[in-house]
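Think of it as A, B and C in the order they're written, each chain with its own count starting at 1.
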Amino acid sequence: MTALVEASELAVGYGGPPVLTDVTFSVDPGERVAVLGPNGGGKTTLFRALLGELRPTAGTLAVQGRAASVPQTERSRLDFPVSALDVALMGTIPARAWWRRPRRADRAAARAALARVGLEDRAERGYGELSGGQRQRVLIARALVQDTRVLLLDEPFTGLDAPSAERLEALLAELAGEGRAILIATHDLEQARRWDRVLCLNGRQLAFGDPAAVLTPEVLGATYGAAIVTLPGEDAAGPHHAILPPHHHHHDHAPPR
Amino acid sequence: MSAATAAPALATSALHALTDPFAQTLMQRALLEVLLLAAVGGTLGCWIVLGGLSYGAESLAHGMFPGLVLAALAGVPLLLGGAAGILVAALAVGVATRSGRSGLGRPGRIGRDDATAVVVTTLFGLGALLALSPAAPLGVQTLLFGDVLGTTPGDLLAGAALVAAVLVALWLAHPRLLAAGFDRPAARGLGISPALVDALLLTLLALAVLVAVQGLGNLLAVAVLVAPAAAARLLTRRLAPMMALAVLLGALAGLGGLYLSYYASVAAGAAIALLLVGVYLVARVVAASGIRKGPAVPAG
Amino acid sequence: MLVGETMLEPFQLLFVQRALLELLLLAVLSGTLGCWIVLRGLAFPVHGAAAAAFPGLVLADGLGFAATLGGFGAALLFALAVGRLGAGGREAEGHGTLTALVLVAALATGILLASDVFHSAASVESLLFGSLLAIGPADVRLAAAVAAIALLGSWLLGTRWLATGFDRDAARSLGVRSALPDVALLVLVALAAVSVLSAVGALLATAVLVVPAATTRLLTDRIPTWQLATAALAAVEGTLGVWLAVELNAPPGATIAVVSGTAFAATAIAQAVAPRPRTST
């Protein structure tokens, strides 16, 4: 079975020196790969390269067909006058000639994708009116509509409550079962432990392989620097670690008045 | 006159009041011009407002002033002068913005807005220089404030062609405009080039400004491109109704302005502009006080 | 030298001398305030305040009260309405729409009043583009007063304007009560806009108050140097502009605008072409 994603000695940059180097990994159909690394360490860069937005500055990168991505939810505009269906429909753009308007088949596919993530009765709601978890699912639907064999998810579990996270895990398992290759950027080491492969990036590739082999203190330390904590309790797989929550968001640090 | 005959008589005179102005050819043409403006202002205006391009629209309109003056002086159709003027203005703003950034290696030493202000003021001054010199014949005020009652069939034809082009382009590009406006980085992943989308919008904006300048003049054109859409945005939640409402509001304001100019003998362009802004202000009040249109985010 | 004498002829005319005096005072104003306008991203509010003054002037003209008062009232209203100053002056979209439309309304009101109410359409051009060579002593006095106030304001409040502009939240936590100095700045902006009206008109205020500061900004960023250079540049541009206007029989306000714009373009191009050594950060 040929790999759906294959990278060899890959280096990617934005015009200057490459910001990500020495990337060599492959993903077979049905595999879920956790992509670990600090913000700015190259996860987004890799995803952009997989989407075809960036050309490799060195090495090779092969993707079977296209990749569809589910970006972080906060980046899309909440004030935009679009419904959930409108957003899901955006996924039909790549497959359509530029002069064509969405046809009935496109709309049906968008609705089906929304149904798959459990939002069929929210299709006409405004995107900005949905909860964070629901918005997340709409973006997933947008990716599903594209029906690609490779899926990229950028920190999809951030801010999800337990039931939503479970639902997402189940969906990812389903999608993997359909023979897709899924790369998930995450900071949750327990999740990474449960999936098929782990890829650690921090300016360059630090490790790729089975979770047991990769999720060691040495590798994690090299990936995240000082932001690792060891949790009490051990199991057969060894001590548990966690990454201190990264500082995504800008907080207002002014003293409250 | 008994009560039974009063009502129909009232209705008849009201009807006359509404239709009398448009018995004249020049008012008919003005009406068509106004409808064209409403069509392009309502539709493209939504993208201008959603994309934060109001300031850019105004700058383009002001920046093309010397082009208009030169065309008027040379006896060349204003459309050509306007088009050239817009090109020059857009280029100049681009260069000024870049130079502001490249100064001494620190980005944004002169903000983009300031660079735009510099360019626009200079171009405007250039236009005034050309227009006000004693050698020039000129209706500077016509260029500045529009001449909707002086719409010629040629103006209507050109305007209709431009508006049609804009509407067709918007129709075709709608899905990509929507995707790029909603989530610019993700749009790249969908195979859309945000840079191309920007270029398209700016081009369409330039075309729309060319049409608007004829009716409303350089200084007031931005009103029809921004006010109806901004008002509609405050009152609707989806793009299709927003566009429809914007076109309607623009048409109503335009119509009202024409009536005012006919019955109150005031400058038509200025009256239309004031009504357009008035519509926006009313929408703001309605939105702030009445139904809360904003998204209600449920828990979970 | 005969050529030299001919060149200097315009400067012997009384109205030219008065125009030059006005411009020198405005140059001081431009130097002092222009830098704060650019630093705090206030170019558009300046333009808006000046344009907003237009209907006020028409009204004052028509009803016969002091033009300055009418203009200032309108300008101040606009400046205060617009002036929610954020750090760097970046405006949210809703903000930009409102101010653009208020500006349009002001201009439309002005032309309506001028052409249909007061029938003073003839003076519209001079209100919009200035009448520098018809300046009276009152205008000069106004310019002097505003320049003095601007100097005082910059001296007293400069540090606060700088702190708030740099980082509004941090400034607040440093104890700078940011409301009052900012309001003062806006009032000054409105005053400045009104004081340049007689010289360059309601539509070209930024040519005097913003363009010189933006030009010198390309060359320096230390505030005292920047202010001095701007004042000098504005003075030179003004003088050159007036001379050209008299020689070519062109509208002086517009001429000055073109001169200052050309200076900006020249500086920008020179900079792009001749790279300066990068200052290490």
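Observations, loosely collected:
One rule holds in what follows: contacts are C-beta pairs under 8 Å (C-beta built on N, C-alpha and C of every residue); 3 or more make two chains touch, one makes a residue touch a chain.
Note that the structure is a prediction, hence the values are computed from the model and not measured.
The innermost chain, defined by the distance from its C-alpha mean to the mean of all protein C-alpha atoms, is B.
Across every pairing of chains, the maximum count of C-beta contacts belongs to B-C. Centroids of subunit A and subunit B (each the mean of its C-alpha atoms) stand 42 Å apart.
Separating the centre of subunit B from that of subunit C, both taken as means of CA atoms, is a distance of 27 Å.
Look at where the CA atoms of subunit A average out and do the same for subunit C: the two points lie 51 Å apart.
Those residues of subunit B that touch subunit A in the shared complex are 50, 171-172, 174-176, 178-179, 181-183, 185-186, 188-192, 233, 236-239, 242, 295-300. Within the complex formed with subunit B, the residues of subunit A that make contact are 48, 51, 53, 67-69, 71, 75-83, 86-87, 89-91, 93-94, 96, 98-99, 101-102, 126-131, 133, 139, 142, 146, 161, 164. Across the complex, subunit C is touched by residues 49, 52, 54-55, 58, 92, 95-96, 98-100, 102-106, 109-111, 113-115, 117-119, 121-129, 132-134, 140-141, 144-145, 219-220, 222-223, 226-227, 230, 264-267, 269-271, 273-274, 276-277, 280, 284 of subunit B.
By the touch criterion given at the top, residues 38, 41, 43-44, 47, 88-89, 93, 96-98, 100-105, 107-109, 111-112, 115-116, 121, 124-125, 128-129, 203-204, 206-207, 210-211, 214, 217-219, 221, 248-251, 253-258, 260-262, 264-265, 268-269, 271-272, 276, 278-279, 281 of subunit C touch subunit B in their complex.
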